[in-house]
Amino acid sequence: MEGTLNDASSSAIEVPQSRQQRPMLEIAGLRKRFGAVEVLRDVSLAVNPGEVVVVIGPSGSGKTTLLRCINLLEEYESGTITIDGEPIGYRFDARAGRRLRMSERDVAAARARIGMVFQSYNLFPHMSVLQNIVAAPVRVRGIERRQAEARARELLAMVGLSDKAAEYPIRLSGGQQQRVAIARALAMDPKIMLFDEITSALDPELVGEVLAAMQQLASDGMTMVVVTHEMSFARDIADLMVFMDAGVIVEEGKPDQLLFAPRTERVRAFLTRYNDRYRI
Amino acid sequence: MPFDPHFIARLIPALLDGAAVTVELAGLTMAICLVLGLLVALAHAARGPLGWIAGSYIQLVRNTPLLIQLYLVYFGFSMAGFGLSGFASGLLALCAQNGGYVAEIYRGGLQSISIRQFDAGRALGMRRWTLYTTVILPQVVARVIPPLTNQCIAIIKDTSQVAAIAVMEIMKITEVWVETSANTYDVFLGAALIYLALTSIAGLIGKLTERWLAFAQ
Amino acid sequence: MNELSPLIHSFWYLVRGAAMTVLMAASAVVPATIIGILLALLHVFGGRLTRSAILGYLFLIRGIPLLVLLTFVYYLMPLTGIDLPPFWGVVLVISLYYAAFISEAFRAGILALPQAQWDAARSLGMTRGLMLQIVILPQALRLAAPPYVSLCVSLVKATSLVSIVGLWELTMASREVVERTLAPFQIFIGAAAIYFCICYTLALYGRHLERRVLLGH
């Protein structure tokens, strides 16, 4: 049946065995401007291995920009980002006293270890589902095709879409496409997964199946940073919740604490407006 | 040899005379085609036998070269007894060709209007006439200006082909001067510059029209 | 029926002319397409100097009639001493002319892709080269296929212009026959019909491609 996941594949993902005390993702002093506007103002965040961090906040708060800076889809003016101890995008040169841009090849290699799923138009429409999933492992990581295809089928089974391997994206529903997008990102064996409002463009009845897939991923121990509007889902899945507004992290804390006993007025105002329309 | 100022002083008025003919020819063609294209587009949209005739006409002129149409009109008509001048033949052929293209531009413009515009207007209680004149037509006009500008530029360039039937526009004058003088570069440079000027002006008029229309709304 | 006899007698001659037309068009289309794709890529990804150069090139091609360029090369060739057969001379000019339009069609295709396609490819760790090869270009070329075919039709028609500078193909052949038989109507209509067969077939293929593009892949 659609939407349910195999319990048998609970260990389908291998959690990277990094030392538990080192954060998987470290963002320090991130600053970014678009022209005259500062969209990220001295943002710092640490995410431990296996942790799920959910970022919430009003639109324009910089949450999507923050996500996109992590794998350098956006450039930023200052700050450092480290994945599992390795800097990404820029290396700080102590001798020169400033940051140096890493080569395109290094950046691409770093991106390969970060999985990202977008709001829409994720999949490559001219390739079948299976081709979508194996394209990067084969062409970027040099994995043998047969091996990549076997892994792809495993991942498709995990998201409940085994029978869609030969289909083209245009024949899938929005929810199915997003689940394939998750499988495709997982095929690269990422250390961390980024989700940029991946259910926002979906019809309501398709949202559940995608959230279930993300829930499964979290239970399997994947490190995740999620930007979402789905508050009850955020509460269920998050180990840490972060509230952003106008380019700064206003407050962070455990979900129940942030949602029901926020310390700052801005968070309270945001949640009240949210609660007037929905229930958490 | 190149850039002989005396030569250029004699060349420019000659080229400008040719430019006058070019502008006249292109201007008349554009004016006629705006109307002709609209009629053909309406006929095409009407379905039935009239629609089929309009559709065939469009396919015919789009899939045959302008030069053949020029020769057909010029030599064909003179053989039949009512010979047309080079200019008249050129005008007829140019209008025939570009009428088809303009009709397709109108069709594209109308098709690109979302069906919801019609629904929205009707939901507001508008009758057909009001709907078309206040909602649909302004949008069609706005969408149609850029491709029409491009078509105008194409027409200006197409006028060069009437040199083949001895009309004294820019291309023909260029030919004559190149044949009778040694300053090949100067003559072609002059011709190229004039064509660039004419097409740039046409493009500019198009952009200004777009902006003026957007402002007027 | 003896009205048609000049056409029937010369039909085979015209068909041979058409063969030359097709040969010329095919010879020009290949370099035009290759150069067009390269120009499109340079235009999208190139530095400021490259892009300015390409914009200048596009401006010249857009504003100067093909006939002027053909005539210019025709007069220029003997002067430069380059020993190029006329056939390849005109093929070169036509290729360079249409490469500009083709590059704009491909560039539009590239730019029409949603940003998420670029993001998704980059986030999977693809380098720019790989990304272009398996994600961007396959989609962009499919999107650009309908206008590209349209340009090919235009190119076939443009070969008629080489008759004005004295090269032999269908239009020149039909002029020769008309001079001999003094039956311009029949012969030019016959030539038009042959052009129509070639171009309409191409146009139908273009429409078939358009429908495939709209339907997804």
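Just so it is clear, A, B and C label the chains in written order, and each chain counts residues from 1 on its own.
As a working rule, a residue touches a chain if its C-beta (ideal position, glycine included) is under 8 Å from a C-beta of that chain, and two chains touch if they have at least 3 such contacts.
A quick note: this is a predicted structure, and the numbers were derived from the prediction, not measured.
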Would you identify the shape of the chain contact graph, picking one of line, ring, star, complete or other? line
Farthest-lying chain, centroid of Cα atoms versus that of subunit A: B
Chain centres from averaged Cα atoms put subunit A and subunit C apart, in whole Å, by 46
What whole-Å value do you get for the distance between subunit A and subunit B if each is reduced to the mean of its CA atoms? 54
Between subunit C and subunit B, distance of the C-alpha-averaged centres to the nearest whole Å: 20
Where subunit B touches two or more other chains simultaneously, the residues are none
Two or more partner chains touched - positions in subunit C: none
Contact set on subunit A toward subunit C in their complex: 68, 71, 73, 104-105, 108-116, 118-126, 135-136, 139-141, 168, 170, 181, 184-185, 188
Residues of subunit C touching subunit B in their complex? 59-60, 62-68, 71-72, 75-76, 79, 153, 157-158, 160-161, 163-164, 171, 174-175, 178, 182-185, 188-189, 191-192, 195-196, 199-200, 203
Give the list of subunit C residues in touch with subunit A in this complex. 114, 116-117, 119-128, 130, 134-135, 138-139, 142, 216-217
Residues of subunit B that touch subunit C when the two form their complex: 59-60, 62-69, 71-72, 75-76, 79-80, 153, 157-158, 160-161, 163-164, 171, 174-175, 178, 184, 188, 191-192, 195-196, 199-200
